[in-house]
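Let me begin by handing over the structure; questions about it come next.
Letters A, B, C and D name the chains as they come in the text, with residue numbers starting at 1 for each one.
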Amino acid sequence: MDVILFLVFALFAVACAINVVVQRHPITSAISLIGVMASLAVLYLLLGAEFIAAAQVIVYAGAIMVLFVFVIMLLNAGAELRSGRSLMAQALGVPLLAALLGIVAFFVQRLFPRETTTHFGGFTGGGAKEVGRALFTTYLLPFEATSILILIAIVGAIVLAHKELD
Amino acid sequence: MDSFIVISLIKVAVVFAVLLTTLAYLQWVERKVIAHIQVRPGPYRVGPHGLLQPLADVVKLITKEDLRPPFVHKALYLAAPFMAMTLALMSICVIPFGPAIHLGGVPTWMQLTDLNIGVLFVLAVSSMGVYGVAFAGWASNNKYALLGGLRSSAQMISYELPMSIAIAAPLLLSNTLSLRTLVDTQAGGIWHWNVLRGPFPQIVSFVIFLIAAFAETNRVPFDLPEAENELVAGFHTEYSSMKFASFFMAEYANMITVSSMAVLLFLGGWMAPWPARYGSSVVPVLVFACAGAIALYHGIRPARRRDRYSLPVTGVVFLTVAAVFLLPMVQNWLLPLFWFGAKVGSILFTFMWVRGTLPRFRYDQLMGFAWKWLFPAAMLNLLVTGFLVAWVS
Amino acid sequence: MASVPISWFLTLSAVLFALGVAGFLFRRNIITVFMSIELMLNAVNLSFVTFAYQFKKVDGHLLALFVMVVAAAEAAVGLAIILTVFKRRPSLDIDDVNSMKN
Amino acid sequence: MPMQLWLIPILPLAGFLVNGLFGRRFSKGIVNAIAIGSVALSFAWVVKTLLGLDLDHAYTERYFTWIQSGAFQVNCEFTVDKLTAVMLLVVTGVGSLIHVYSLGYMAHEGGYYRFFAYLNLFMFFMLTLVLAANYLVLFVGWEGVGLCSYLLIGFYFDKKVATDAGNKAFIVNRIGDFGFSLAVFYIVKHFGTLDFKTVFEQAAGKPEGMLTIVGLLLMVGACGKSAQLPLYVWLPDAMAGPTPVSALIHAATMVTAGVYMTARSWPILIHAPAAMDAIAVIGIATAFFAATIGLAQNDIKKVFAYSTVSQLGYMFVGVGCGAFSAGIYHLMTHAFFKALLFLGAGSVIHALSGEQDMRQMGGLRKKVPWTFLTMMCAAVAIAGIPPFAGFFSKDAILLAAHAHSPWIYWVGTITAGMTAFYVFRAMFLTFFGEYRGNAQPHESSPVMLVPLAVLALLSIGGGFLFRIPEFLGSVFPPREVPEDGVLMAISTLAGVAGIAIAWLMYVAKPGMADAFAGGVKGLYTLVYNKYFVDEIYDAAVVGPLVNGSREVLSKGVDAGMIDGAANGVGARAQDIGGILRRLQSGDIRSYATWVLLGSVVAIVAIDLAGGIR
């Protein structure tokens, strides 16, 4: 059951991710990205991260991606033209990416042998209570720092957008 | 395991059927209510008192030609109503309607499934609800639709914040995210409901939630996305037939969802307003019996000719229902269902009442209201609640 | 009930990350490039959550949470910048945004 | 139960913040209420705290760990013992009075809120200094009062004299502070802590040489802050600030910080006799030297400024001779009568619309009777006439000095005579004879006279009411000084003689002073020009420094070596950059490719180094 769920959603995520990269119209990429995020949320549930799964949907899919979609609509962005100038990226990118993926996969296989497995319900410490407790005790300072970061981002975004849209 | 699946399937079927019927008839109820507010009879032709009007509407929408305008973004244009409908129905899964019951000897809950993070789930799904409207507006390739879609997404994002914060305050009192446990913590009478409960009654939070709910469901006075005098019909200008109906049903399904959420979070779910030993269990009997009696009384001296038959029939039906409520074997699940339905119904009535009375906001007023009034008020309320909860415990 | 090896999750994370990098490298639309960054962040979050599972500690979740917050801040400012740039020069091509070079 | 000591300094700080940030928009009434209210509340809290404490044992409150580095730890903590109690009462009490006085004095000045904000800030730092439980917190207060002193001396920043004086005070103090910080470093190195308690407990077992160095360095710090030879030069110039500032900072409180600090450090000094001797010698030399300058000054505030330097010298003599409590005793009485003298001088100056030259005064006794009366109390007190306050404290110091080494006593007695002479010279020139100026003198407002009256009462009775040596007996090492009626009589006689000579020269036979000055013309010129110390410092230190900087550092080192090196580096960087700029293609995707390349290489390298296990 776990394996089936994992495979379904992992494959869906990968398919969507590929779609993000290959589609030439930004709105299609955006929808695919929402698909990636939704399937990741399911995988988080498999790993016992209930709160993170909900936050993933609310924050990523429900807020950040809405912003993206919003901007795409506002700018009425069209499909991108096919022609690249960055020769280096084209020439070096593919082999480097392959190398990166290969190396990381190699290390993952070496560090995490097949015997270390996961199963649903194997970790129940990811509920709202546990996350909240850690957030407001151990991670209080980073939490406050991020709240200030968000505040700065809000002000910055307003200033940037306001000046131009006036 | 097997009985679990079977029961789940039964529950899904029942909930789905009831919900869709309710959706159809909600439309009829709304038209009637608004008509009476505006002193006109409302739907009257199809069936007695227009009771078959929803059926006629369904037939009309299904048989209409399924137009697809040129120049639309095909995939998204088709997907948008589907998305809207799916997401609207998804939240229903976690909404509990009543306590545990025994179905064929197997204990089960009057709820499709309970999640530890039920509240978050509803929030997550409703935050995804923006996409249906936004994509519909954009894919239509029509300036009115685009403007409607943009307005709607901005509005929904803006009102989601005060709504979430307003939800957080009663959660502090109940100390759980599971909708079922949430109701359990409010047992024992009206003064234990979160809206009135100590240490800090959540009246402010309830009002904020209701206002935000109006905006979330794009209802009057926040129905800017479909302001017909500015935008023709907003994001669904280019939609017709069943696709249009999907948006319509999604809107009503969302109304039911937020009303249920309001009831679960603030009004004690399926709990009676006062304990059964003080006679709360006879309330539904009395209500239906009174309604039946009134109907029969008017049936004896009908104002119109057709009422000579329709009113006595209605009266008998009501009296039968009242009698059913007296049966002890159904009381344990029918009573909670009655209270839940009554509470959700009164909130839905408020939705219609507001629609019948209030004018529409201007767009800047709408945004200003959300950010400058609702949001700070919700924050303040949460702050005070937090302090008091910490103080008491 | 068969169970899923942890390495699968990590490999999935790596694949998603690589796809994000690929998007960053090969796309020219500035919004798509931005979305590729979000994809990479998501991939990293997946490995955080996986590690949280492996060590049975909630800390990984918190890191993922902070990543989300930072991503939200980044998206807000980044999209505002995109809007600003677009107002000045109506092109979303990332190769056209190179006036700092001279 | 914690006594909330932090409230004592925080209240004036709050006053400073409110007045400093918003004072511009407040009316004078609000500024007054905040400034005086905060200091008065602070005073009230001091009284409450002291009443609630058992002062025989030091009471310490810790707030947070300020610095933590290995075993070394500095806490932000305050402590109260009897010594602190005396200082707290003097600082907040005299401070409150001077705040009230400033209401009248500053009423017509610009930058009203700024003045009170600075004054409150000063109170904050001074109280921090006094309450500090370790050298670092003390140093914070120490530097802070220096800053406030600088700000307030230069309060009339449109006058070059004032800003120059502020700079001078700041720079001269820097020398002393340098000594003090060296002392602090030395203490950290040898004690491993800055806590007073721990340091003092360990001091007995440490080598004498090290303690002597610490003591001498502390003395250098104290010399800067308390205007001792050779660093006293800033204090007379500091009189360019408003008179309440001179009274509060440059007479009553800040300049005594050095005395307080050395007295506080007695467990170190007591094991470093050489440092004690140095302090005593410097003290007596300063006392004598400044007193001679005071003889010939014509500016009324300058007279009192040199008098302050001289009296501070006395306190150092007390500390140096091991009579710490006598030093603190004199510190307190001096705070009363010298603040009174300054405030009275301020009242006179106020009455004459800003005139400070005593040659333009005279006969003011009838014009400003209250000011005259109160100042007379202070003058008698400083002259050491019993039973006024100054008699007791000065006597305690001189007796201790005699027990330590008699020659200090004799020099001190001569100085006492000179003190009486120049103070009464100033009094006679100001209040007796005929009025020689042009302004229309008028008595000051009650708001200025009330603080004068209170201080006058303290100058009269402060000596025998507050027996500081008995009070502080448990704080400092016990010290037997025999009562000696003869010595007491001699020093008192010296004071009386000084007054008599002043009477003779300035009231009875007014021409005599000029004749005498003409008689010893060379000496008079020398004293009148303050021994040309400023000129000597200019020629010996400032000139070479400025010229050396200009010629060697600026032209040689800076223009030649540093600029050359910088330009060379810049040019090379440009060359290298010319090559590297090809990488900066402005193409973000090629940047990303480089990042990718880097991360692949990094992962491989980390693995090769054995980092991934």
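Going forward, contacts are C-beta pairs under 8 Å (C-beta built on N, C-alpha and C of every residue); 3 or more make two chains touch, one makes a residue touch a chain.
Just so we're clear, the structure is a prediction, and the values are computed from it rather than from any experiment.
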* Decide which interface, A-C or A-B, involves more C-beta pairs in contact, and give its chain pair. => A-C
* Centroid distance [mean C-alpha coordinates] between chain B and chain A, Å -> 32
* Take the average of all CA coordinates in chain A, do the same for chain C, and state the distance between these two points in whole angstrom. => 5
* Structure fact -> So, in whole Å, the Cα centroid of chain B is separated from that of chain C by 37
* Structure fact -> In whole angstrom, the CA-centroid distance of chain A from chain D equals 63
* Structure fact -> Touching two or more other chains in chain D are residues 587, 589, 592-593, 596
* To do: Return the residues of chain A touching two or more other chains; collapse runs of consecutive numbers into ranges.
  => 51, 55, 63, 74, 85-86, 89, 93, 97, 100, 104
* Listing for chain C: what residues touch at least two other chains? -> 21, 25-26, 95
* **Each pair of chains that touches, named by its two labels** => A-B, A-C, A-D, C-D
* To do: Spell out the residues on chain D that touch chain A in their complex, using ranges where they run on.
  => 587, 589-590, 592-593, 596-597, 599-600, 603-604, 607, 612-613
* State the interface residues of chain B toward chain A in the complex, per the touch definition above. => 73, 76, 115-117, 120-121, 123-125, 127-128, 130-131, 134-135, 137-138, 146, 149-150, 153-154, 157, 160, 177
* Structure fact -> As the complex stands, chain C meets chain D at residues 21, 24-26, 33, 94-95, 97-98, 100-101
* Which chain A residues qualify as touching chain B in the complex? -> 27, 31, 34, 50-51, 53-55, 57-58, 61-63, 66, 69-70, 73-74, 127-128
* Taking the complex as given, what residues does chain A use to touch chain D? -> 85-86, 88-89, 92-93, 96-97, 99-100, 103-104, 107, 111
